[in-house]
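This is the structure I have questions about; it appears just below.
Chain naming follows the written order as A, B, C and D, and within any one chain the residues start at number 1.
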């Protein structure tokens, strides 16, 4: 490594992202040595799922300036869709244990959740966000925020009215013995859900970075007028972004159905966690959100280990508030343009 | 006639700014609009570019009525707008910004051809192709905005206040680059506060006052006009 | 309603009315509220219970609007602040044997301190980030109420002595009507003074306010502290009326209830939320109670109203009133609606 | 536009008001009974079972006692004490219920007790089990006589059985834990903490060491970090409970996944009708204590529920509530016989004079499907008499979705098996 690179690395280390990543890794390593490797495994698995939910939220906030309060309800739509697709599949599997559905059935359910979320997103845009955008331009952030609050209450209670308040859960997606990593047992479902989220987040990152449409989405997020004058169809991009964001939340809900059974308010916890991630990491980039997701996961796991069950809202939220006092735009947020109420 | 604007009325909300503005541009022309602050120069540009929908009147481009089309639809017709605020994508690199300028072109090789062309025109941009647009200096950004406007191979470019907020020597270089563009056969509609400079470079000009076209004619004639001299040039 | 005129032409009645920040119709409304419990069917205890809840939400929405409508920051942890006041008051009564009346005020003080803290740490944040901070703060406070079992009995809830030693709801109803009015009056007085202008300046553009010599730090913190103090006293009322206090009171969904009423009523009006709360909440209670076989329907309606208002009438009821009802041709009617200074 | 529309809105509003108000003036000879349960929220599954039980019991008597028509008013506790108290008061004031039955959560019991006492509405067979309920009741038996016999005794009376069973199993050598290290978990409610306390006392008394006590919100479903912690600490016995279906099934499932080898007591797993659908083989070897559907009548009842409502009822929330409401009907019949009229005073009188004194009981001979006999005495109040011939839960161990009684000795179907 050349001297120049060294100094670049050193400067990076002194910035907020560098510092917090280094501290997080140090804390994770220290806690792992102290408590055992299971802590690290749990952090990675939890972080993977948080990343999925948080990227969708970042997308909504970063591109459309919509502080989405109903994100958890799209998570719920995903889990509900997956439940209704997978229940008949699992019954079929019980009778035909050799069927190809044993391996691929869960994927059908999870992809179904993805599609369900995307459709829900399109409907929301057509019925709710679109009309608001056409009618109101001033005070957009707050108005859209309140709108999503309404959407959240609406979806929660529609679920309750139509599907009832009971918990619609499944035993698991993939049968078989848990996988053992360093004497830590991780069930196949968790491994798969982590892989799914890793693949989706990676694909999403590539999509946003290299494809024409992905770049158009980024362009809209950075300067909507600029995007319009280069010929990007804003309406289309907005529709795509909303359905993408909702699909990301829904696919998280679908792939985590084995852990979070579907019920009206199942989305609240993922929502809180996703907001923790987004506020902590700031509105910058997808990689920032992913890093933030692992940090929040670490906070959560550490809290569970050293403080106890039930404290996992108190301690992380207190810490995030502390960080916000010193770094109001979040750790990775270089640019909070547009979300400021200017 | 490449662009014909007839009796355009436009504004923001209930506030009307333009009153019966009519103007036209032929292919290959270099036309300037001058006028005092708040006369409606930028509003005219934004309305033609489709960012503001007019209350009445018509905009015909290449024989096609484009009145009231959205900004992106107008861009697809071949009009590119370099706005006063530049509206760059600050978190994208120079090269990415330029590629976004060619959004209406689907073929990658055509995009690359345009990129080469812009880099040839502005070697400075080629040097900084990996830099984030948000970290560049004012003059470079202006260059990038114009370069991005060029990327879609437009038949008409609307350039709004290219000298705004720039140091004099940078202004000169920006004007020089527009000069180069005209030679490559692009039609340009320029809006400027710098009246002397504008009337010196353009072929024809309009004087906009209080949302109305006051005078029009050859730039050289306008520069000699006593009213223009009195009001804008302070002679 | 917004200007004080010391016009000598005004007679005593008008002047008193003006000091009390009421228009003749406002006075009529207040009188109606005071005689409502004597008119059937409202004289039934269960209806009074609903009306008291309406009053509670009405008063809360006034306090909420004091922040949201004037300095443009949504305090998303408002119910948590109220809950803190409620818990403080309840604990003082239970452990120190204080009279509930004094304890309620102490609750206000504790909430004011909380508001001071939130106001201080959210100073550097704007818009949605400040809302998120207060939200996380609320979550943390609620988490503490759940986990500090030795003090709060956790989710089991505290039994709290009621303010009046009677089974009837009558005295509570009159008390809450007075509280609604007092809250309105105090907020209105502040808003009418020079301070109100400063608030609005900060709410519209903080930087511009700063350059014109307004100290945003003081005004923002003051506003936060005051609205939180109001919430604290009301939280005490809540505790000493229902007789049971659980952390659930601090839940975000409760804040959403207040927020919905405040915004449907019309932001920045102070009176809009108070006026709309009575019919709106009451109607929702009727729906909930009569259609109890369709649980959640009332909240579906709630959400729909919020969504429709946000899209089509973001100014809310007060804006509707000001533009459509306020200026009738008839002079007597105009006096009735506006008072003398119109 | 304004005024006309506004008038219309006001007119509609008043109509709704009058309609709602009018409900109070209903026809004579109707007895309104409030059924309190968590019909929405995390414990809605139990509410569903309540509903099925009450409807079936009412159907059986054609909703009639004497010449009274029984009208059921559902009072949703929403698993929250404050909301439950409000809903109950509203049911009394607005809908005119004269008596109430059932209830699920202890915290709800604690708050609704006061409402019942305030309005002097007798309430029978609420399930809130914890000591807090009893302490409160015993502090003022007169006042709380309106909160009649409970449907579930304090945890110490039943939950201690687990530990007794475990100690017996260790004593006879079927299970040899490496060390006597236990942990306690539970939902963060009155019930969870109360049961946790019962385990703790029993464990400490028999020489166990307690590694940790963890109480979590009833909506939590992610226990991997917690369980991994227990595993790495070498906890051999994990005892706890939750009444929320998603929470407990997730706990059981994840316990197996994390690779714990010790014994898991998941008290309350079987209270959820379709628990096996949610835990799968993860529930193998788990200990639970639930009443059994032993009689033909009981099994028929389960079949009927399955046929009519499409779910498999649990003996504890469904079965006990069925017995509870039928016992309540018996009380109503007795009241009618004694006083010739049914209202809150007469029902309360019967409860105090006949039920609480042990005169009126409900047992297998009356058609009870779960327990041998539900009997209250002045000494046990507000609990019932607990014992193998009265109210008793055997300890079961699950395997492949079926429970086998392993304790007490005389009911035993199978021996304890180690994982």
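For this structure, a couple of remarks:
Note that in this section a contact is a pair of C-beta atoms (placed from the backbone, for glycine too) under 8 Å apart; a residue touches a chain by one contact, two chains touch by 3 or more.
The model shown is predicted, which means the values in this text are computed figures rather than measured ones.
At the centre of the protein atoms shown, by the Cα-centroid criterion, sits A. Taking A-B and A-D together, the chain pair joined by more C-beta contacts is A-D.
Between chain A and chain B, the centres computed from C-alpha atoms are 42 Å apart. Centre to centre, using the average C-alpha position, chain B and chain D are separated by 75 Å. One inter-chain figure worth recording: chain A and chain C are separated by 34 Å, centre to centre, where each centre is the mean of the chain's CA atoms. Touching of two or more other chains is recorded for residues 146, 295-296 of chain C. Touching of two or more other chains is recorded for residues 39-40, 188, 215, 217 of chain D. Shown for chain A are the residues that touch two or more other chains, namely 160, 165, 268, 310.
Pairwise, the chains that make contact are A-B, A-C, A-D, C-D. Those residues of chain D lying in contact with chain C across their complex are 1-3, 6, 13, 16-21, 23-24, 39-40, 74, 76, 80-83, 85-86, 89-90, 92-95, 106-107, 110-111, 114, 118-119, 132, 188-190, 193, 215, 217-218.
Residues 39-42, 44-45, 47-48, 185, 188, 212, 214-217, 219-222, 224-226, 228-229, 231-232, 245-246, 249-250, 253-254, 257-259, 277-280, 282 of chain D are the ones touching chain A in the complex.
Chain A contributes residues 35-36, 38-39, 41-42, 45-46, 160, 164-167, 169-172, 178, 180, 184-187, 190, 259-261, 263, 265, 268-269, 300-301, 304-305, 308-310 to its touches with chain D in the complex.
The part of chain C that touches chain A in the complex is made up of residues 72, 74, 121, 124-129, 131-133, 135-137, 139-140, 142-144, 146-147, 205, 252-253, 256, 259-260, 263, 294-297, 299-300, 302-304, 306-307, 310-312, 314.
Of all residues in chain A, those touching chain B in their complex are 212, 215-216, 218-219, 222-223, 225-235, 285, 334-335, 337.
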